[in-house]
Amino acid sequence: MVLGHATWQEVRDLDRDTVALLPTGSCEQHGPHLPLLTDTLLVSAVAREVEKALPNDVLLLPAIWLGASSHHMAFDGSMDGTEVAYAESVRATLACLATHGFHHTFVLNGHGGNTSYNDTACRRHKAAHPGHVVGHSGYFAWIEADLLDKTLEGPVKTIRHACEAETSLMLHLHPDLVRMDRARDDGLATVPPVPGLVWHFDECTEEGSHGYATLATAEKGRALFEASVAGVTAAMEAIRQGVALFPAEH
Amino acid sequence: MVLGHATWQEVRDLDRDTVALLPTGSCEQHGPHLPLLTDTLLVSAVAREVEKALPNDVLLLPAIWLGASSHHMAFDGSMDGTEVAYAESVRATLACLATHGFHHTFVLNGHGGNTSYNDTACRRHKAAHPGHVVGHSGYFAWIEADLLDKTLEGPVKTIRHACEAETSLMLHLHPDLVRMDRARDDGLATVPPVPGLVWHFDECTEEGSHGYATLATAEKGRALFEASVAGVTAAMEAIRQGVALFPAEH
Amino acid sequence: MVLGHATWQEVRDLDRDTVALLPTGSCEQHGPHLPLLTDTLLVSAVAREVEKALPNDVLLLPAIWLGASSHHMAFDGSMDGTEVAYAESVRATLACLATHGFHHTFVLNGHGGNTSYNDTACRRHKAAHPGHVVGHSGYFAWIEADLLDKTLEGPVKTIRHACEAETSLMLHLHPDLVRMDRARDDGLATVPPVPGLVWHFDECTEEGSHGYATLATAEKGRALFEASVAGVTAAMEAIRQGVALFPAEH
Amino acid sequence: MVLGHATWQEVRDLDRDTVALLPTGSCEQHGPHLPLLTDTLLVSAVAREVEKALPNDVLLLPAIWLGASSHHMAFDGSMDGTEVAYAESVRATLACLATHGFHHTFVLNGHGGNTSYNDTACRRHKAAHPGHVVGHSGYFAWIEADLLDKTLEGPVKTIRHACEAETSLMLHLHPDLVRMDRARDDGLATVPPVPGLVWHFDECTEEGSHGYATLATAEKGRALFEASVAGVTAAMEAIRQGVALFPAEH
Amino acid sequence: MVLGHATWQEVRDLDRDTVALLPTGSCEQHGPHLPLLTDTLLVSAVAREVEKALPNDVLLLPAIWLGASSHHMAFDGSMDGTEVAYAESVRATLACLATHGFHHTFVLNGHGGNTSYNDTACRRHKAAHPGHVVGHSGYFAWIEADLLDKTLEGPVKTIRHACEAETSLMLHLHPDLVRMDRARDDGLATVPPVPGLVWHFDECTEEGSHGYATLATAEKGRALFEASVAGVTAAMEAIRQGVALFPAEH
Amino acid sequence: MVLGHATWQEVRDLDRDTVALLPTGSCEQHGPHLPLLTDTLLVSAVAREVEKALPNDVLLLPAIWLGASSHHMAFDGSMDGTEVAYAESVRATLACLATHGFHHTFVLNGHGGNTSYNDTACRRHKAAHPGHVVGHSGYFAWIEADLLDKTLEGPVKTIRHACEAETSLMLHLHPDLVRMDRARDDGLATVPPVPGLVWHFDECTEEGSHGYATLATAEKGRALFEASVAGVTAAMEAIRQGVALFPAEH
């Protein structure tokens, strides 16, 4: 069920084992060729497809687009929720879901910068509701290394920012919003030389994108998208049916 | 320009007199016949039409859907941003706009419960940026009393909640999301007997709606919608061109 | 009963249907002729008179004078509670009243800048205590348009700031604090050209006052004052006796 | 100068070496015989007298009455600012004074429960404005032990709560608000057996008062009051003239 | 029991009348001859000795070293917890102790700048847990004036900052961390000329120390240390056995 | 240089390219055999060894022991900084370092539950100081998979909680604090069946430990410890010398 399109009585009648699924994105620069809302559009598309696959088992919330993007603020149009606005939006949403009796909640993330806030929001929610099943992860976590390796042609075999993978996903889902003539490869390293360094995108890119966008195709995008949808769908189904967190075996 | 669909370089190239327009809505019960996202859908439609009319003068932001809805929480599916999440989201958005050099900002509201938070957010923004032109108002503020009086057939001649007016607007814009067979008139009073009382919707409605939804038509909705769009467009144009706040005359 | 003059045992013995009445004002510039504490003095006088009329039905609290006045800070001596100090003071006061068992509370406001904060404080209080009757309004809300129209001679027929109406009220209540020789009319417009714009007083006045202060008289002030007192008294009486929020009729 | 009675232009014309003096009190139970506002009334009276003695050197602010009184909440009518409301009110007031250019500020306290908050507020203010002279102290700090010893007849030779000293001060200043027929001595210890213990008044009094209220007289009150006024006046004068914090000697 | 060295099962098995003892210090300049962690080292040593004396009656927590030191920030290496970090750390620690069932808690302080925050933290904790015994005090509060008078040779007969007393304590406990060749006497006054003034150390010292450090000896330090340990031990024992806050007598 | 043992003048004289190193740990249950302070002890030992290797290039801060441990609160003695206390402590520490001119800062973490807070604190710090080099990582991040694989005998080849690896490290560093007779293997799964689930330790362990503690030896601990020290040392050296975040190559 799509929450925003439902009436309150339809929500009232839902089974409370339903998994409430909150997509989180961003509105931040994605290089010269992708629109600012890219992360929100991608995660929303995955989440929508999962809801279509499991209409009775998933309650899909609207996406939060005002993500945590302080590392992009040097680029015009990037909107940073600051940690307060973003983190509190996730928390308030989770809290309302609990108020309405939903005890299975999952935050599906489309923007790496949100990860730590999603984690702290979910942990706070879990502390307030110890019996609930609560989780968060990027939609990209279900696109396995093997598939990336096989699908991506450029030397960067992970999903970075406005890269071959993200551009492919956008070509598959929103080709009208991609300026392929502006796509470029910057050939810069995509990981810092010391683990754990925090960086701003104007320190490590030339025009805001990472990786090999010129190699993107809609076909590659479709492959990655379908893998993500399949993985998230299976995960939501498992939560819906009641996971035993740590089954006794090894 | 639609911010979410633009690239950062396109935003960079915008004239800074452009009016940044932020729609704010809610996700809360709208009676048995309208979807939870009604306020967000309506204000987004008005704002989108204004942007179409003034593509070079308006920068349209994505809508904030997690509004201030504590007075609806007795109804399933209503999401309350609590004051922190909602107010901080508006504030962070305004602050980012200022960071990028935009000094004309307007919050277009679709949900009465947001009004006080929009006011305090705008006042804080103005205090931080005294030279900026900052404003907020409901899209409904431009639908004049005369038009409402003429258009609405029921005894309630104002825009309430899931009422004749809102239902008409939805029939005009999103007929597929209206369950007209569930629409009902509750005939209850719509204002409290003592001015200033704060109320919850479960104290003053039977199923969450106010007024005479059964009288709604798409045609009425179109009339109200066009009036709002025309009014907001003129206002944004005036701000774009530089209003003198209080011209010397009377 | 005046809370500040009572002992705790006298409060203990009060009927809990008593309406707790909290006046809220400001300490901010009021043009060249009125003192900074004008709003606090006026609302306190109205509230005190209401308490005298209903000594057994109203519990009058001391006024909060540190209002929300960021729009006056360009004028020396203006004190701005900032939103935190002011809003939290109202909230804490309401919370303590609930702790002591009072379930009828009303915030009587003397300063327009406080309105949004009073609203959010009352809504938060209501959310925490859904069964309580909670409200807020300006003392001026009970001075009806007809009376203003008839009483005020200048072209501005509403209560603005350090204007004909406020100056008249001060001449009636605190003539010793009015510098009538400094009063002036600035003839400027008192509403912005676009609805909803947020303004600072140094953008729209010459010396901090609005309207036609030279036309003020104590007699006019008495008429407005008595109208307000009568209206607030009736409202408090209604709350004391238990209003049905939305009686079923139209 | 009394801030609340001044116009903004009069404040504008003040010398910025003027000492801004903020009285802080409480609204909390004071036993069966003193009114809830006792602390606010007493500190306001001292501060007002100081301003009369130094009209050109002191800018007197309105008193903050919503003090920090969590330890009195078991008694009806006590209002607790909670730490947020109270501390932020002091902070906002100090900040506004700095905005208007005042660099000599003193918080004169009438309620022991406020002391730690006044300290942290002043320290934060000092950290933000290192060059300013900032201080806080109880009005009672200037009533020396010798005088207390000589003046008070009961065995408790300090100022406690609704005790011989406070009741005497009230008899001197507000005899109409004292219910002497309700005054009582409880004979309980007034200090805890282990230094530093935090206590609530319902743990250590019978009806909320400490000490020997029946011994109070207006004459004693006058002596204590005059000592406090003289001491505070001298201190304000010293600050006005520019204290060297730690003159080089010993 | 030392909390940090215990297992959770050992804590589980503790009697809940045990006094939880939290030492609080600082990391701030202590003149040219003492290390930044001086306050933390001293209070930890006292607390550890108390725990050794009462191993079954005291649960010793690790020290909080990030104290409130805004008044030292002009000196390199000083770390200021700001009020949020420090105060919240004390509060969170007390709250966790209550969660685990401990109802006797004492904060033993080694840094004057922490006092007000310890007070507000303890008061908030007490308000949340009215039946608990909660206290806070400096370890130096148990070193009586007589002993100081007899032990200290310089003209300053109190414990100040990096002074004769503190340097002696460090010579007794951590002689390897004292640079006695850098010790100096600055001969400056150690109290401000007006009571209650808030000061920064760069306003009132030459190199950050107060008083007569050159007179310090390990022997003096031992005397002061033993007095403090004896006093705190007795106090903890009294709390452990259940103090009656205000026994009825005088 | 060890900050806590230095004087302010020694810190003043440090080269500002020095890397400030902040260890962060926890005080939380570590099964029946390890002490509550395990994480703090381990990370402190690594950090101390790094400082010994690079005494002129690293400024070692005291460890923050009050970590984020809400997921352990079901076990007695666990202390949870709550997100406010912990996160603000890291933030305040980083902010003070910047105040004193240090622009190379690294948070070395010993407790997985702190990771997201360290990330948000570092990102906020970076946003405030865009030119600084700021990073955070677990000390365990430098113990490579190969070494773990080779060193650990049990089936769990990663560092979990009170497991073979942590117990070995403690046997190497603090054998006196390990109760090997209480060590146990629970054989439970150590990862949840759905990625991203948030869990509490009482949901997935029997006595708070994960993995195969009985297989721990001091020799294994030494190997892991030395690997971590070597890795962190190299990283600090690189930062000290000025890393180019993203050198241009691939």
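Think of it as A, B, C, D, E and F in the order they're written, each chain with its own count starting at 1.
By definition in this document, contacts are C-beta pairs under 8 Å (C-beta built on N, C-alpha and C of every residue); 3 or more make two chains touch, one makes a residue touch a chain.
The model shown is predicted, which means the values in this text are computed figures rather than measured ones.
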Both-way neighbours, i.e. chains that touch subunit C and touch subunit B: none
Subunit E reached from subunit B - shortest hop count over touching chains: 3
Per Cα centroids, the chain farthest from subunit C: F
Recurring contact interface, reference B-C, options E-F, C-D or A-F [over half identical by residue number]: A-F
Rounded Å distance between subunit D and subunit E, as computed from the means of their C-alpha atoms: 28
Centroid distance [mean C-alpha coordinates] between subunit E and subunit A, Å: 48
Between subunit D and subunit A, distance of the C-alpha-averaged centres to the nearest whole Å: 56
Subunit A residues counted as touching two or more neighbouring chains: 73
Overall pattern in which the protein chains touch one another (line/ring/star/complete/other): ring
Complex contact set, residues of subunit B against subunit A: 3-12, 14, 27, 29-37, 40-41, 61-62, 64-66, 73, 75-82, 84-86, 88-89, 91-93, 95-96, 99-100, 177, 179, 182, 207-208
Subunit B-facing residues of subunit C, complex: 68, 70-71, 73-74, 83, 106, 113, 115-117, 119-120, 122-127, 130, 133-137, 141-142, 155-156, 187-190, 192-200, 203-205, 235, 238-239, 243-250
